[in-house]
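Dropping the structures in below, format is structure tokens.
Both complexes shown next keep chain A, but they swap its partner, so chain B is in the first and chain C is in the second.
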Partner chain A sequence: MTENDAPFLRLDAIVKRYPGTPAPAVDGISVDIQRGEFVSLLGPSGSGKTTTLLMIAGFELPSEGRILLEGRDIVGLPPHRRNFGMVFQNYALFPHMTVAQNVAYPLELRKIPTAEVRATVGRYLEMVGLSGLAGRRPTELSGGQQQRVALARALVFSPPVVLMDEPLGALDKNLREQLQVEIKELQKSLGITLIYVTHDQSEAMTMSDRIAVFNHGRIDQIAPPDRIYRRPATRFVGEFVGDSNMIEGRAIAGEIGLADSPLGRITCTDGTSVLTSGQPVLVMIRPELVRLSNRPTPQNGARLVVSRTTNYGDRVLVEGIGPNDTPLRLRVSAREAEDCRPGSQIDVAWDPEDVHVLPRSA
Partner chain B sequence: MFNGSGTLSRTLAVLVALFILIPMLLVAVMSFGQGSSLRFPPQSFTLDSYAAYFKSSSWTIPTLNSFVIGAFSAILALAITTPAAFAFTLYDFRGKRLIRLLVMMPLMVPFIVMALAYFFFFGRIGLLNTMAGVIIAHACLSIPIVFLIQSASLKGFDWTLVRASQACGAGAFTTFRRICLPILRPSFLVAGLFAFITSFDETVVALFISGRAASTLPRRMFESVRQESDPIVAVVSTLLFGVVAAVALIVAARQRRAARPANR
Partner chain C sequence: MATSRMYAEDNFKASRQIWRGAMRAARPWILLLPVLTVITVLFLVPLLGILRLSILGEDGYSLASYATFFTDSFHLAVLGRTLGVALIVTLGCLILGYPVAYVAARYAGGLGTALLLIVTMSFWTSFLARTYAWMVILGSQGLVSNLARALGFEPPQILFTGLAANIGMIHILLPFMVLALFAVMQRIDRTLLRASEGLGATRFQTFRRVFLPLSVPGMINGCAMVYIVCLGFYVTPELLGGPRDQLIARQIGSQIEQLLDWREAATMAAVLLAVTLVIYAVYDFFFGLDRLWRS
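== the complex of A and B ==
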């Protein structure tokens, strides 16, 4: 591999152990990130995503492994020499400085001439929509405005990589969605390479080019959002991202793409490679891809007794019990849900294309 | 029953304040009296004693000494305690509790015991009857209070700001100078003022080790009351009270100002 083919940022077999803890916090992670890519590190708390980010930032040292920026190992560089922008969950604005001074700080440290600092700060404040608030103190701003200042401060010196640690975690839902769009647009228009830690799967879905799903210090899967959603590599990914039905089945010997399950035979067009004869498999069907049917379906369908319905406004979640006491969830429209009173019998079906198969061990 | 606007609670507050203030007021009144000895009530009012105080070098020199010793012992205490407070807040290390106990020791050991120890020890190393000796001793005595105030302010400090500053490209020293220090300065100033007052106010250790050369104001007053019963003592007391009250007001005003942005 030549220098030019090397990925922009490469995490190479990173391990982080803390003394006194048996399991490593990060257990052998390797990721290649391209220039201008938006990569989310997604996972539950304690899965190692924040530790990974802190190691990229330089606030934690890996116990093993290398971090390469354009082929150069940066593990030995202290955080302030890495030239990465960073946004924190609690904003971390300097309370004794004005908004403009906060944004100017990284430029002053880089000995940029005053006139240029002023112009650049003005440009970035305008970019985040805070031009009128340059003279305010951080305490005089709302949470959303404070995070915009932090955003401007992290971007103002055109860092090669920007790191964000749950930046929207402290904001309410509407503001969060608005800022998701703004961050995504900034990232695209400025061509920023962005690594974004979150435990919010919908945030990762809407913003990322690729999502790395963390589970117990390892990355279970790294892939574009729709692939993560439709073709999860492990049971953990399937259950962590979105809602899912996981049905334990068994591949049928001598048949290609057919599994036996408590719900009857299920045709699978995807993941047939794991469907060798007799192997235990896990069949995943997303609840919104299960539909009501007006007649019983022998294959790729089931008859359910409705046990509970939950109305989410846009969709209604129907939980039912199928053959062999197998629970199955589906999402339907409010009008369809009128036929799904608890205790009633319904027939459901799904398309074979929407079925995803995993090896049972994963 | 215990609401703040109750007449009972207000009366009680006034009574307590009077209980504390009346002796001070008596001394203040006496300081305007005439004659060469302390008397109450004074026969007539004059500023003679004030003039005498400012003219007599046997009073002005100890006053100056007290200010110099107070200032330098406050600086010394801050210089010793600041790194310690940072270390105690940021790191866990072996023997932390034991060392904390040691740091707080001057608060628990009776001053007279400390005074004796300093008397013998400083006698051996030639610091007895010197300004330096008193400065060192007073700095030690004010370490616990300075440490407590600084630790409290460091505990409330948002340490992600340090990371944010580093991510902006600032090294450790620049971060300390441009981020930590400006934010922590008000509470560090308060700590320094408390150290100053501790020194200014301290009598027992000063009596033992300050001698004539480095005599502090409280020591001079003690001698005056014992030997001369001079009305100048009342003048000094009144001035001292004024200084301490002024410092207390400054501290209160600063804390109010510091607390304001948080209330928004």
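== the complex of A and C ==
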């Protein structure tokens, strides 16, 4: 492989062990990230995503493995020589400096002439919509404004890679969604390579080019959001991202794309390679892809007794019990939910295209 | 009938509410009553007595003693020396205390805890004991002099000089400085230091441009505390310093003990109090008195 073919940023079999803890915090992670790509590290707390980010930033040293930027190992470089932009959850703005001084800080460290610093800071403050607040102190700003300053500060020196550690975690929902759009637009228009740590799956879904789903120090799957959602590689991914029905079944030997389950036979058009030998499988069906049916379906459907309904406004979650005491969840519109009172019987069905099959071990 | 009863009830409720409100407002003062009593009887009243003494002449009240004080070059020199020594001691404490507080704050647990323990232990040890310890160390047959002789030269006089007094005072006041600095440094957000390094600053640049400015409130608190305490220091400079290094507190003492001039002593005490209050006011004006205690 020549230098040119090498990925922009490569994590190569990274392991991080902390003394006194039995399991490694990060357990052999390899990721290739392309220039200009938006990659989210998604996972529950303690899954190793933040540790991974800190190793990329240089605040933690990997116990094993290499981190390559354009083919060059940067593990030995201290943080200040990696030239990466970084945004923290608590903003980490310098309280003794004004907004403009905060944004100017990385430029001044790089000995940029004063006139140029002023012009660049002005441009970036405008970009994040804070032109009028240059002279304010961070404590005089709202959370959303503070995070915009932190954003400008992380971008102002045109770093090759920008790292963000749950940057919107402390903001309320509306502001969070607004800033998600803004960050995504900035990232695209400036062509930034962005690595974004979050535990919020919808945030990862809406913003990322690819999502790496972390589970106990390993990456279960790294793929574009729709693939993560529709074709999760493991049970953990399927359950962590979005809502799901996981039905334990068994592939029918000799049949292609057919599984036996407590809910009856289920046809699968996807993942047929695991469906040949009669092995145990896990069948995943997203609740929003299960629909009410006006007649019983012998295959790819079931009759349920409704046990509970929960109204989310836009949709209603219906939980029911199918044959063999198998629970199944579906999301329907509020009007459809009128037929789904607890205790009533409903017939449901799904399309074989929407069924995803995993090996049971995963 | 019903209406009037309603009014009566309303009146009753209203007065009860006023009473409750008054009780609520009075509650903190009730809690403060014991200490206010003690301070008034044992401190404020005698203090006023001293102030009165300073303006009480043979024939009525006059400011003559203040005129004497401010035209007496000897007294002014003592006052100036006191202010100067306090400045040296304060700077000494700052220079020695800053690294200690820094290490204690940055390496919390282990080393940091051990350092703080040492500082607090010296804080708890009687300053008289510590002063005598310095007399032993700095004396003509003490550790320092013997060490100098062992190295082959005749040691200069250290004990009973201004230097010895300054060393002793720095040692005794150092814990104040370290604790004041530590209280502020410990609250400096570590992610700020991380952010600075991530943005391209070396460790030293991070210290100079982020940590140091953020520790300034601690420096101001520590310096104000040490300086003000130092102004009234009596025993340590008296025991360790020479006769020519007398500070104003000692001067007040000798006015009373040797010259029996209560009026002049009261005047000097009033001047010292005024200087202290001026420094306090300047500090308060710039940095807010509450910060001194909040940390």
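Here, the second predicted complex is superposed on the first by the 362 of 362 C-alpha atoms of A that agree within 3 Å, B and C clash if a C-alpha of one lies under 4 Å from a C-alpha of the other, contacts with A are read in each partner's own complex, and residues count from 1 in each chain.
Definition applied: a contact is a pair of C-beta atoms (placed from the backbone, for glycine too) under 8 Å apart; a residue touches a chain by one contact, two chains touch by 3 or more.
Computed from a predicted structure; not experimentally measured.
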Combined model on chain A: chain C and chain B, fit or clash: clash
Touched partner set for A:Trp350, first chain B, second chain C, both or neither: neither
Which superposed partner A:Phe38 touches (first chain B, second chain C, both, neither): neither
Which of chain B and chain C A:Tyr124 touches, first, second, both or neither: neither
Partner chain in contact with A:Phe59 - chain B first, chain C second, else both or neither: both
Partner chain(s) touched by A:Tyr196 [first = chain B, second = chain C, both, neither]: neither
Contacts of A:Pro106 with chain B and chain C, given as first, second, both or neither: both
Chain B versus chain C as contact partner of A:His80, first or second or both or neither: both
Which superposed partner A:Tyr229 touches (first chain B, second chain C, both, neither): neither
Shared contact residues on chain A - chain B and chain C: 57-59, 78-80, 83-86, 88, 90, 92, 94-96, 105-106, 109-110, 153-154, 157, 163
Contacting residues of chain B [partner chain A, same complex]: 158, 160-161, 163-171, 174, 178-179, 182-183, 261-262, 264
List of chain C residues in touch with chain A within their complex: 189, 191-192, 194-202, 205, 209-210, 213-214
Interfacial residue positions of chain A with respect to chain B in the complex: 57-59, 78-80, 83-86, 88, 90, 92-96, 105-106, 109-110, 137, 139-140, 150, 153-154, 157, 163
Residue numbers on chain A that touch chain C, as the complex places them: 57-59, 78-81, 83-86, 88, 90, 92, 94-96, 105-106, 109-110, 153-154, 157, 163
